[in-house]
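As written, the chain order gives the labels A, B and C, with residue 1 at the start of each chain.
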Amino acid sequence: MESVLEFFKNLWNLLVQLSPSMLTTIEIFLLTLVLSLPLGLLVAVCRMSKWKPLSWLTRIYISIMRGTPLMLQLFVVCYGPYYMFEIPLTGEWPFIAAIIAFAINYAAYFAEIYRGGIESTPLGQYEAAQVLGYSKGQTFFRIVLPQVVKKILPATTNEVITLVKDTSLVYALAIVEMFTRAKMIAAAQTSMLPYLAAGIFYYAFNYLVAFLMERAEKKLGYYQIK
Amino acid sequence: MKLVEIKDLKKSFNGVPVLRNISLTVEEGQTVSVIGPSGGGKSTLLRCATMLEKVDGGSIAYDGKYMVKTDEDGNAVYAPKAELKGICSTFGLVFQNFNLFPHFSVLQNLTDAPIHVLKMPKEEAEAQALELLDKMGLKNRADAYPGELSGGQQQRVSIARALALRPKVLFFDEPTSALDPELTGEILKVIKQLAAEKMTMVIITHEMAFARDVSDHVIFMDGGIIVEEGDPKDVIENPQNARTKEFLSRVQSTI
Amino acid sequence: MKKILCFACAVLMMVLCFAGCGEKASVSASKALADPDAAKGAEITFTVGFDAEFPPYGYLDTETNEYTGFDLVLAEEVCKRNGWTLVKKPINWDLKDSELEAGTIDCIWNGFTMNGREEEYTFSSPYVDNSQVVVVRKADKINALKDLAGKSVEVQKESSAEAALTSTEDNEKNLALAKTFKELKSVADYNTALMDLESGICDAVAMDIGVAQYKVAANDKLMMLSETVATEQYAVGFKKGNTALCDKVEETLKAMVADGTFAKIAEEWELSDCVCLK
């Protein structure tokens, strides 16, 4: 009984110890989402552009983002400016680079999700909007996008959960987020407990994400799309 | 007064002519029915008239203003964008598949375009919408979503949606074809009521009895041309052209 | 009971050892060099004292149950070249001085740090350099450790450099130095650290001198501070004043360097990066 209590006390202490670095993880997560969700929409629109060069360029961009490891992209964004363009970097750069790399990587994934949603919108919706006199912009933002959001929510939830777990990759740029911190503590204490604490954090975080997304899905459940 | 004036309309898809020199006029307050076999060009005519398709040649004018006309070189030239917007507000279209906006409630379906396209005040748009719904017998479904309605109810909402923009002429593209037979009656009733109110309408329909009883003028289209037109009773009960006869006998035998 | 048994064993072994010595005339290398006549016809032994718990320099190989290590293999080769017989003698590290004094060992050869002990022993030239140095950008005008104040410094995770700058045991000077840094960051490997340095993400990297020399030689934008974070050079330690044997061993080692044997052994023990005998 006592040892069980001790175990939970240790675990709690670890979670407290890890909490500052959890903020870093959450910061990376939120910044990535805030940037990549709108950027993904822009990419999707470019990808579907009738102007071929733009469409092809975006297609190549998406293919590279999806076809190479995120870890590699982190390195390229972080060190590329110096090694390719000789731009001197600073100590703050790795964090910014990590956010940029995450944002452009996730934007590519989100763009494909958006595209699927946009392209599955029935032609009749566009025609109805046109005959009713909506402009192209109004049609997209008032008619198409709200329906797309509902359709893509489940796929987006998957990506967002992956993002939570992917945040640990920034250790490659020596940014101390939660998992790196847990590894350090684990090495110092030669204990597996920090990993358990890290796992609990990720699980709780993702549980919250899934919960919120489910709420959103329910909120949009008031209507059906054929 | 000529509200719709279509002259020598030409349209081909991939080199296959679908409309060959179609000309027709619709007077204000008139109800015109367009009948004919599938693939005869009826829908294309309506889609050209509502700018869902671009014409290859000929002219279309609403209320005396040209939406599109053909220049000396034979190219179809559309009116400038600013002018086009006004011209297009002259007409409305009711689709075969309703095409209601599923994420909007019935009321929003009727108010969104007036508010955002015509910049009508919200209160006015809503008052008008409720009035239209009342007319369609759907006042109590204002807060429902299209997915919750029957096909007939949806089509009535879509007619109300078109009317909310106060068009001078309303086009119907087979408004009852997507409905179960027992639901067509409620739509025909609404159209009949509109006809009685002297709403100008062009209706593509397969309901011969309806075309005969409600319209002022009937057009029989086949092979991209107007084969026969005239008074509904004459055309439907006593067709002159062999193709019209053949079509009508086929349609009536299936009823 | 256990203690008595151990003691008994030790006594027995000592007896056997003396008995063995008695059988053949043998003389230690130290004596042989001091008095060549006395050594005539006798077997010359070269007794190396070492701490058997210091891999890879000297340790008990549990598979063969024999003492081995980089230093012992070097010693073996030195003996072979001089016609001596190597005696590997694991010692109690605390008693190393008395062993040398008593002549029971000829030298301490066991990753033996010479720095700070120069007055107590006669040392060969250092053959391994484990110093921790600081690499900076040439353009930055950082010339001494004090110039690192307010700078961002990186080390490889779990490296000697990290230990040198963070260890809390008897390390006040370096801890104070680390405190002047803007930050001390541990990165996954020294290549990342050097990329960070070159690109400006950090201002200095603390690392092993062997790797640092190699990297600085290959990159003309970088340089090494002459001041070190930790100085740690290994040399063979002899009883103070025993220059004759020291010179002999050093001479042999240098011959081994000259013909490549030394480098080959270093490579076998994966110590190529830190050997420094030239």
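Everything below uses one rule, namely that contacts are C-beta pairs under 8 Å (C-beta built on N, C-alpha and C of every residue); 3 or more make two chains touch, one makes a residue touch a chain.
Owing to the predicted nature of the structure, the values given are computational and were not obtained by experimental measurement.
Trainee: State the chain with the largest centre-to-centre distance from chain A, centres being mean CA positions.
Mentor: Taking each chain's C-alpha mean as its centre, the farthest from chain A is C.
Trainee: Measuring from CA centroids, which chain ends up nearest the centre of the complete protein set?
Mentor: Chain nearest the overall C-alpha centroid, as shown: A.
Trainee: Calculate how many whole Å lie between the centre of chain A and the centre of chain C, each centre taken as the average of the chain's C-alpha atoms.
Mentor: The computed centroid separation for chain A versus chain C comes out at 50 Å.
Trainee: Between chain B and chain C, tell me the centre distance in angstrom, where each centre is the average of that chain's C-alpha atoms.
Mentor: 96
Trainee: Which whole number of Å gives the spacing of the CA centres of chain A and chain B?
Mentor: It comes to 47 Å between the two C-alpha centres.
Trainee: Could you tell me which residues belong to chain C and also touch two or more other chains?
Mentor: Not one residue of chain C touches more than one other chain, so the list is empty.
Trainee: Provide the residue numbers of chain C that touch chain A in the complex, in ascending order.
Mentor: Going by the criterion above, the answer is residues 152, 154, 158, 182-183, 185-188, 192, 195-196, 198-202.
Trainee: In their shared complex, at which residues does chain B touch chain A?
Mentor: 50-52, 85, 88-89, 91-93, 95, 97, 99-103, 112-113, 116-118, 145-147, 161-162, 165
Trainee: Any idea which chain A residues touch chain B in the complex?
Mentor: 122, 124-125, 127-128, 130-134, 138, 142-143, 146-147, 150, 222-226
Trainee: Help me check something: in the complex, which residues belonging to chain A touch chain C?
Mentor: Residues of chain A touching chain C: 78-79, 81-83, 88-91, 93-94, 171-172, 174, 184, 187.
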